[in-house]
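As written, the chains take the letters A, B, C, D, E and F, and residue 1 is the first residue of each chain.
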Amino acid sequence: MKSTFIFFGLIVVLLHLTCISSIAGEEAAGAGIKSIPSMTKMVGNFSKSTGLLNFIFPSNNKWTDGIGRLIMIGIGILLLYLAVHRQFEPLLLVPIGFGAIMTNIPLAGMSDPGGMLYYIYDIGIKTGVFPLVIFMGIGAMTDFGPMLANPKTALLGAAAQFGIFTTLIGALLLSKYVPGINFDLFDAASIGIIGGADGPTAIFLASRLSPHLLGSIAVAAYSYMALVPIIQPPIMKLCTTPDERKIRMKQMRYVGKLEKIIFPLSVLGLCVFLLPSAAPLIGFFMFGNLMRECGVVERLSNTAQNALLNIVTVFLGLGVGAQMSAEQFLNISTLGILFLGAIAFSIGTASGVLMARIMNLFPGSKINPLIGSAGVSAVPMAARVSQKLGMDADPENYLLMHAMGPNVAGVIGSAVAAGVLLTLKDIAG
Amino acid sequence: MKSTFIFFGLIVVLLHLTCISSIAGEEAAGAGIKSIPSMTKMVGNFSKSTGLLNFIFPSNNKWTDGIGRLIMIGIGILLLYLAVHRQFEPLLLVPIGFGAIMTNIPLAGMSDPGGMLYYIYDIGIKTGVFPLVIFMGIGAMTDFGPMLANPKTALLGAAAQFGIFTTLIGALLLSKYVPGINFDLFDAASIGIIGGADGPTAIFLASRLSPHLLGSIAVAAYSYMALVPIIQPPIMKLCTTPDERKIRMKQMRYVGKLEKIIFPLSVLGLCVFLLPSAAPLIGFFMFGNLMRECGVVERLSNTAQNALLNIVTVFLGLGVGAQMSAEQFLNISTLGILFLGAIAFSIGTASGVLMARIMNLFPGSKINPLIGSAGVSAVPMAARVSQKLGMDADPENYLLMHAMGPNVAGVIGSAVAAGVLLTLKDIAG
Amino acid sequence: MKSTFIFFGLIVVLLHLTCISSIAGEEAAGAGIKSIPSMTKMVGNFSKSTGLLNFIFPSNNKWTDGIGRLIMIGIGILLLYLAVHRQFEPLLLVPIGFGAIMTNIPLAGMSDPGGMLYYIYDIGIKTGVFPLVIFMGIGAMTDFGPMLANPKTALLGAAAQFGIFTTLIGALLLSKYVPGINFDLFDAASIGIIGGADGPTAIFLASRLSPHLLGSIAVAAYSYMALVPIIQPPIMKLCTTPDERKIRMKQMRYVGKLEKIIFPLSVLGLCVFLLPSAAPLIGFFMFGNLMRECGVVERLSNTAQNALLNIVTVFLGLGVGAQMSAEQFLNISTLGILFLGAIAFSIGTASGVLMARIMNLFPGSKINPLIGSAGVSAVPMAARVSQKLGMDADPENYLLMHAMGPNVAGVIGSAVAAGVLLTLKDIAG
Amino acid sequence: MIIDGLKLTLLGMAVVFSFLGLLVVIVHLSARLLKSFTEKEATAYEFHTRRKARELTPSEDKRKIMAVISASVSAHRAGRK
Amino acid sequence: MIIDGLKLTLLGMAVVFSFLGLLVVIVHLSARLLKSFTEKEATAYEFHTRRKARELTPSEDKRKIMAVISASVSAHRAGRK
Amino acid sequence: MIIDGLKLTLLGMAVVFSFLGLLVVIVHLSARLLKSFTEKEATAYEFHTRRKARELTPSEDKRKIMAVISASVSAHRAGRK
């Protein structure tokens, strides 16, 4: 350790000596364009290109390019901490956090045209390619069996989308009453989709309607998805009676292979006839699922859920993180988005639970309302929360598989809601 | 199930109520550009953006944009059925079929600029990148050992390319005598290559010479490759005597590693000196094979034949399917192409078999003419057909490995033929 | 074999017959633009499009487009030979060699706009994307444990970068005194980075500063990295006494997980404050390393070091090889670069070793100077050389893990040096 | 704007419920149509799992082997005495 | 046009046959040149496969063990009587 | 130009040494700060590896079994005599 300090000292001394000695050489180097100025000037120029000076004296005197970048780097580190230590959706938040750090390095210009993060964003996110490829991979990983065995639970996944639309209204309200927040209808729609609790859908919609909010929306979506075990339980308990929480659901029937193959095509068919604007999302989701279930393209399905999904996840995360520049992130809007996101998840959870209670008013086999909250998606976290609360109420009540039904239905529900919001451009005007 | 219907009814009622009640609100919303029109108008606008209405009343009144799309979706489903249930080349036909469905969803515009399928086609297929990467992967999967052990069987792979050129003539004949069919020389060449029974070669050539026929040519090529076990046997029996079918071939010699390493370089060398226009196809095919055989880049070879090949196969299939728009597919030309494709495979099969018989007229070890049909490529299906017919004639006659020689030679033969056809632009004054 | 020759003869005869017989048909085909000229003319045109004729009579009469291409193909084959038989960095030199062959095939135009190699270069290398993705993969493969256990060895990795800068001066000297060599400051910097003994860094810097030298620089870098076991030992022996070579180093301490997680962030932090210009290289390197060490994104880390790394390696190699056109490679500059590369490695090795000796002058635990040479990077080859020479001096002296410290520090050192050289544009007035 | 939000909510929730409601109907119908296939599969599946379960408990064989060995050990001991 | 097709056919088939014909010649030549390498490899390969085949049938060892165990069992039974 | 090269060399080596020198300092500091974590981990790691090592040498068990079998074999032989 000592030797280290001594060496380091020597170098500093050496550098200073050269500065002084090279003043004489100033003229010799002034000839060509590509020549280097005098040593003092060179060191001066170089020190201008260090990050330290640029944090304090940003080139354009905007605080967002100076200290703002430092704050954003701190937020990036916070995301990494949450991802690594608290295991908040690490697969996404590690790349997002690192991307946020890299995009805010002064002078590096990694998100400027020609920079690596620029290419990632430009090729993969602005075009919508990455979220769709991820959706394909998730489709290849999703087993719709539990939903097919008990289809009416899909309605819980519909009800939970109520959080999306109330949040949309909330965003408009904030926009009206809070000075400094100005969300237009597209922004409000993009913010609402946080309540879909589905990353790729949120990123796809935001990249289409409000690219400038992409960073905060993605961060809010993934953060709240990771917080589901904290957000949901109190709401679920509030909306249910102890007796309801003890309802046992009958064992699921066996679901045939053919049913599973027909299903993705049925969903796509509905999308074709009812809501073509949702076709990219639902199309790729169901394409992935068909590859999984058809049984004849196993190698494609494996690659879609592994190598391809992983590759695109890394780059999607970096590209989303790259949108977290100080200028776009450090403002009151982001706070509004974070606040609205929490609302969205809460209302979605409550809607799902209450829908289950309403459905129990009708004749037929009863549903444990705890599985209603799984309708927000956040696969498979929300289903696990249902399972946990079910066991808290009755240690022999296994709700996990029953909760997977609304859980996966919620993904379709969010994609449908995104489809409706994507038609805004056509509806308006 | 009952509750489902009741809910569904409730929603419909709700929707109607709102329509009526919101007429009063019409003026309030008319202010900004991004505001939403009255509820009735909104529902009207929205229903215009459903697929159902667009099938019946397409925006531009062309039938290919209305009912035509529905027919194409049906064809997509047919391809999926053939792929999944009949196992017709599922690795390609599942993505192609799904791509065909997605490209024909009205209003979704997935193949329009900015749509996912557009990007796939534009980046991967128009450029020729995907077929070449697939060829590299196939090269890394191909063992040329059987051909090296008995090189003269490569001539069978040459003879079978006769199907390509007779089909080319057939296309020109159709074009002359059938009204409504107008193939130019480039189209005819692209159609002929179906007879090469090699997917990437066909897609590469068609994307270069006749992009508008790409969809039908790719579908024809893969369909007939899957139909090889049905198309070939009658022709093979017709062209051989029972005695010939019983010819046993002597066991193959051991092929050394060095021979296998030298081989891809030899093929590339020939291509350099004789036919540079085939260099992309043969170059990437042989690059893949060299990675396989050289023994020092196993990890690259593995990735080329697995993760990379699978990723590109998914996107190639989607991109090819995306070319199957109603306008380009639903015409007499497609029927012509399907008809010519069947001719191509039949003549190729017959040529290969007859070539074997001709070669048996010369002194030297005899060839079982059943392996001649494997020269059309369609690896490894055609070789398996040879094996099966060989065992039908003599239950102890194992032709599989002998048939792999002309089989892989046929791939080179098709690439060479494609190279000749690619020089058309230079040859034609 | 006989039958082969006979067939081949028959075809030649057939071809000639047609030439003669088709003179009569000359007028019939002259109608449309897409028609084919007479048989004689066609064969003439076709033979003009063979590679053979183009080697001898290149279309623009430049020797680099004629015999020059043939020489470059020979060099490509030489690289393949070195890679396959001598196992010189085969993962890179197999694709580079093959790329060099393919880019020099006359008329194929694989590196011209629209060609496959053009796309690879344009998308992956000109943008700097491929080297950075590879750096991420290498980061995910690198264990910084040995460096963390004995951090002062990192200074050896700093000293070894002296080779980079002396080579830079050497390039400027050559440029001044050798007629025919004209390197500007950017070229000199790109050549110097060969001494970094790190492929992706060299390719990234050269693609930024001197794209026209990319081919020769990459080839020099990878060749000398493969030659490390031949270049380093004599220099290492020259710079050390037998007693020094016998120094045993104490066993390394255990390095905690948290230390390993903090480390990549520390390096990135230094980069942010001190040298933002190195951010792309160091950022992606450390991102890969963080994915490895953080323990919560194992699937991303695995993909980054396997499927993704392999895919990009194949294309990076092809793209680099594609820059080896005769015009750019066959000149005195390339010889100069190869000569300077050898100098760079030698000086880097010597600097590392001497630095270790200087450090031993200070109090503290002694370092075996043999591990100093590992500071040039060339992971893990250089560390193995240290190990081997250590065992030659004392058969029970295991230096491998101790040498991994300076070895991985050398990668960071080279990236830092590259960062300094990248600021040249800003430093120079 | 707020009124726009309310309208969107109505439209959106109606579409979401219609979509998933119709999906429930379709799933019910396809389950009914494919009942025979599914039942055949279910029987085969149960048979298969039961058989597998049996194979995974080769305790009998193990017990026999153990018995033999312990017997031989005691025989050996007996022999010593 | 049709005559163009015929011409193309001739040219194309000639090139295809020339290409694969020359390839046959080259493969023959390289096989002859590399004969010594190949033969060495072939011998090693055969030796290796034979050895492997032998290793895969360790029946002798197994038989011995079984013999020992059954012997001990019968010894045990004999002891009982 | 040559003088430019010399300047660059000085600047470059100074930056490289500063960077890696500071890194050494930071690594030292973080190692000191995280000492308690590392030591806990190291103890757990050593315990784990020792245990594993023990598990990987089940020679005792094997020896016992072998002893039993050989004993039973000799008993069998003894019985025969």
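Rule of thumb we're sticking to: a contact is a pair of C-beta atoms (placed from the backbone, for glycine too) under 8 Å apart; a residue touches a chain by one contact, two chains touch by 3 or more.
Fair warning: this is a prediction, and the values are worked out from it, not measured in the lab.
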Equivalent-chain rotation between chain F and chain D, CA atoms, steps of 5 degrees: 120
Among the chain pairs A-F, B-E or A-D, which one reproduces the interface of C-E, with more than half of its contact pairs identical by residue number? A-F
Could you pull out the chain whose C-alpha mean position is farthest off from that of chain B? F
Comparison of A-D and A-F (more C-beta pairs in contact): A-D
Centroid spacing, where centroids are CA-atom means, of chain B and chain D in whole angstrom: 38
Between chain C and chain F, tell me the centre distance in angstrom, where each centre is the average of that chain's C-alpha atoms. 32
How far is the middle of chain B from the middle of chain F, if each middle is the mean of its Cα atoms, in Å? 52
Got the chain B residues that touch at least 2 other chains? 1, 4, 7, 35-36, 42, 46, 151-152, 155, 185, 271, 274-275, 307, 424, 427
At least two partner chains per residue is the criterion; list those residues in chain E. 1, 4, 8, 11, 13, 15, 17-18, 21-22, 24, 28, 69, 72, 75-76, 79
Inside the complex, what are the residues of chain A that reach chain C? 1-4, 6-7, 33-37, 42, 45-46, 48-52, 54-55, 73, 77, 80, 83-84, 87, 90-91, 94-95, 98, 101-102, 105-108, 110, 114-116, 119, 306-307, 310-311, 313-314, 318
Okay, in this complex, where on chain D does chain B touch? 1, 3-4, 7-8, 10-11, 13-15, 17-18, 21-22, 24-25, 28
Give every residue of chain B touching chain D within the complex, in rising order. 1, 4-5, 7-8, 11-12, 14-15, 18, 22, 25, 28-29, 32, 35-36, 39, 42-43, 46
Chain B partner contacts - residues on chain A that touch it in the complex: 127-129, 132, 136, 151-152, 155, 184-186, 261, 265, 268, 271-277, 279-280, 283-284, 287, 290-291, 294-297, 299-300, 302-304, 307-308, 359, 362-364, 423-424, 426-429
If we count contacts the way the header does, which residues on chain E are in touch with chain B in the complex? 1-2, 4-6, 8-9, 11-13, 15-24, 26-28, 30-31, 34, 37-38, 41-42, 45
